[in-house]
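In the two complexes that follow, chain A is the common piece, with chain B as its partner first and chain C second.
And now, the complex of A and B:
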């Protein structure tokens, strides 16, 4: 059979652009002398390249979904929308890293290059349509992440974070590969569609092997999105890594992980089968655990970054909750959630990063009385905290509401109540920041240089969608609604 | 002004006020205060216009004022407003109390004046939203948004322990709302996501009696399950025992005006929720649980009164008396008779005015004494002999206290009498026991009065000035309200009669 490997390569332009960008950045980086401080061309090139990628993805959207490279990559609106979110997140993080003091000046260029690399991994994951692509995506994402986590070379915590990340990552990748090898061994195919076709008609023996294999397979993805019980690495890594890196980790790998989980669930488990029941049960338990453990642990944290790390675990849990009801309603809800999650996370981390740069740490008390010094920033942070809690009329509420309503629609009342009660728990620690910012007097009157006019403007602009999506969410919902997943 | 947009005007007028306050410079405090005052006066006038145009014969929503505009059409969410005989008294109460609160805050609030008035007006808009909303989603949005201004109003301008109180208030209410939200969404899907699936009126009438849901493999009645969810959501707001523990903290720590709003209007949102949502939508379950509700109401009455008696902080005493008085409202609701429900709605209004008076008076006293102890922690008397030193203050205080106690001739009496008439037809034992609540109520109020106003004159008290003209000015409307509605309650009873009758006859069919 003759296969045309390059058919429809046009749909692959965003990824190709990213690869060119990464190589280009490495070349530009090589022209700088070792001690040269201002490496602005790297940033300019990176942002131009990322914006070009963004535009390329936009052109890709709305077209007919297509599987390319002999069905190992699939380009559909679902993956494109998530890629847009990841690119936006990367652009914001690249800008943040430019003025952050948490990364050594000389290593900032490396950071940008690696971020683009991780983004390529994220794209691969979002589009993966066979086991091998999926594994490649996870590894591309992970290996660069390990380096990124230990970017503060002289800092003990950062090195610890990197090592921890690498160890955990290595083990879980191994476990996942082990599971995948069994799936391949039993079914004889690594194509998602091939696997999906066989799942409803398995013999008992096959099922006995495949059930645990899928659990092992899940371990790999669960590790990437820090689902409980694979979350142990996450707070340490989040706290130890430089703040821009943490911001990046909270967005790109997490969304890529959610994307692949949704795809796997919807491709493999649409037809009724005992496997489906088992998988849904697994997702149900893991998602309930993830949101609860993330929230409860976040309460006791003293560092804002660590608190945000735990809270992002619980948000991953909430996004996972939508997996228990397979179908358009759940996907639509999770896409909307991902969009709002992007903006909320960005604003929260931007402000934390700037405050941390000033004081050298991100203890809660550093936020005391922020409203008396930078009222706009305190208001934006308050908005984000209320939005993360899920108070209307902010976007976070609509996002949670959509997940909740799709859960209730599928009659998962218990999970819906658990989700709701988790919001109450999360309100406690989100309010803690609000309380400090608004109800306490400031510790010092020194100016925080990071809150210059431009940065304040950027933060305000990033907060705007949280308002707008909270009141006028119909357009984005319809947009998410048509971003259907393509199952070949 | 077109009559049909009147509700929107009332709802958005305070938001206009917020906008105006935000645009004013921070140091022009008199401008800000005057603007807020003008704004609330206009709003109050608008509620009076609404009252005048109110058609008392119409049982359901006043068709002249209904508003329904699609908001998120894809999910059948509407901007749907309406007013009937149950929400009308609450609307007037809200308009009145916020206006008086602006006056009361005029001199009492000293820090961050701009933010304070902006938040207060925002709160007013949200309260109107709750009383007007006929779309479940809209209702929930207003119900929740209200937490934000309340959190800051208690947290920033409150007493020493304000942060704890603010957080506790927020978490408690949020917990209740979440359960309510689950119920709202369940109703939405139970009615097949149709155009009317968020329409509170269309959902009413007991349509879910036959439906079951499966929880952990057990079939549970849909109606009973979600009635309990909604009940908890509203009960926290009322507050019904055992969900009342946030209230003493929030009341004591909040600044005067916010205590007034909290006791006068916000607690009523809970009972309003029963009347508008929980009862009409799940009449069968309301009937099923009515004995339990009545007992909870009784516990509120007795337990609240006993707690009040034990207090040495006068503000806490009044806070617990609110628990006790809201218990009477719950009793009236549980009776589900014409007299009972009429009494309950009237009590919601009357308690709003009388408790507001008490909290205002305590705030005025606090301005002079800077403490609120009837008996100080070291055992000495906090006040004493106020009666001889502050005659005007004492007279107004007596009016408020007796109205609160339910003395015949003042407003509290009529509503409590109606409630007893109503509840006696259903629960004889509870009626008898609840009467003891009245007795304890008289006891703790009179005992408080004796310790504060009679006896030897405390040297500190000699330095207090009597009420200023401003303070008298904002107490007079409330004095008039408690006296006039004590002898002539028909202006309120007449507007609620048709709507209450409709609700009661609906309940009677189950």
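And now, the complex of A and C:
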């Protein structure tokens, strides 16, 4: 038994590294004197630790998929790939927070510590194999998120965002626990495979209890990925939080939520059963609603950050759409989408954050005439906006096309039509920024300090994958193809 | 047997003190003692785990929470605030009826109230066997969650220099 644990630890090195990193960062933070402003070592340590985690996950990939720690956790290529995306996102956000003016200087170190903490929660979620681990992951993710949202303590909207997030989060966690306890009560197991084995042959009474329980269970996850109708918190939180925090929220919790949703769907509902029909129906309705509400509300927004928040809701809807095709096709499509989503979100938020630092707000007008002053940045922003809309030959097109074609192959025509219409609608607000940047005259000639040489380079480097994935998508697709889910 | 009766009496006395004491702090203290003596009864029955949980959670956390709340609010204004009149009478009557009904039910059906010998106490063993074997990882990860919560608390309650400046600015206005 004890030797077993030691053997398991070998596959669990990324998470252990992260925990050590978090504790180490807290210790380093404590050794700084209060008047020391430039706390460089925290950032250096964090970046090195995150890169080490990245490498550790890479080593983990390609190995035999394995359920470790008495089946609490599954280490497979699927979870590893999503963890890679989360770590990349965190590294980029930690760098963004370093020069952003939206977070108080004194709280930047705490931001890094909390980001690592949330990442641990995301890792737990991505490879959860029973309800307990899942719940722990969601809580670790949430508790730190609440505080992160209210990091701008003097700002009313930031405090409001934090409080709103905490209240909604508490309620939805309660609802989810209620559903989970009923599932446990009826089936007598919290292990995913145990639940999956019992789902095809349920009695009518059990079904009557389990159907609403699964809806309640979904409420908890749906809240984390801001699926309609659990999205109310999202725009306020995204707008009120400091921009690096918003960037972080758009990536790590969302990817983690999608990961756990994919795992739950494809473990529980492989065999035909009334429960499966119900779940797919739920996913169909929720994903169609999420896409549409996100897109339609994004049209009227004046703040770019809020627009990106709504757009990220609709992207979560699109990722959910690929869940209705239970099986490898859907998983492959969603993995590819997640990779492109990471880079698109990062670039869009980097540029928005830098512009906002200069002008103090992020209205659409602040982007006017950007092409005459910072041509490279304007081009990169245009590329990202085109990619978010889904215009070939960029990565966003391939990702959307993938989901669309597999939806049509699986005969979900209605959802495919809704997805297509939504892409058209989204073109309006994405291209609005492009129009302002190119066709309007600049408001002022003042230099934006954030667009230094290094930052411009980093933004260009982050945009490159959008081109590369759009053209050489087959390589990545085969990479996503082998990242299969492991069920044990 | 004597210790049983002794514990029962102590529990009852403290429970009554909770209700009838005029001073809120004494009530809170009596509540704490009630919890502790109930824990003692659990010990007597041989359910060690339940007793430990009772001490930790009810006596430890909840009673302390009560006292904290009392320290935070102004007690003076609540002193003569007790409900009087018919409502009180009706509620008392209903409560007494329910209690008598439960007693009648127990006596009527010969329910074995104190089945001391039937309880084999391996609850602790089972519990921790699960915790350290089957649910080893969630147990360890819960510590990370607690650490995260601790960091969150420190960040959210920590004083900001900027905040202080703004507060002082408000005062001047």
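Just so we're on the same page, the second predicted complex is superposed on the first by the 481 of 488 C-alpha atoms of A that agree within 3 Å, B and C clash if a C-alpha of one lies under 4 Å from a C-alpha of the other, contacts with A are read in each partner's own complex, and residues count from 1 in each chain.
In this text, a residue touches a chain if its C-beta (ideal position, glycine included) is under 8 Å from a C-beta of that chain, and two chains touch if they have at least 3 such contacts.
Keep in mind the model is a prediction, meaning the values are calculated, not measured.
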item: Contacts of A:397 with chain B and chain C, given as first, second, both or neither; value: first
item: Chain B versus chain C as contact partner of A:146, first or second or both or neither; value: second
item: Partner chain(s) touched by A:59 [first = chain B, second = chain C, both, neither]; value: neither
item: Partner chain in contact with A:473 - chain B first, chain C second, else both or neither; value: first
item: First, second, both or neither for A:120, with chain B first and chain C second; value: second
item: Shared chain A contacts, counted only where both chain B and chain C touch the same residue; value: none
item: Residue ranges of chain B in contact with chain A within the complex; value: 72-75, 140-141, 144-145, 147-148, 151-152, 155-156, 162-163, 166-167, 170-171, 174-175, 178-179, 181-182, 185-186, 188-189, 213-216
item: Partner chain C, residues of chain A touching it in the complex; value: 1, 5, 19, 22-23, 26, 68-70, 72-73, 104, 106-107, 110, 113-114, 117, 120-121, 124, 132-133, 136, 139-140, 143-144, 146-147, 150-151, 153-154, 162
item: Sites on chain A touched by chain B in the complex; value: 386, 389, 391-393, 397, 401, 404-405, 408-409, 411, 413-414, 416-417, 420-421, 423-424, 427-428, 431, 434-435, 438-439, 473-474, 477-478
item: In the complex with chain A, residue positions of chain C that touch it; value: 133-138, 141-142, 144-145, 147-149, 151-152, 154-156, 160-163, 166
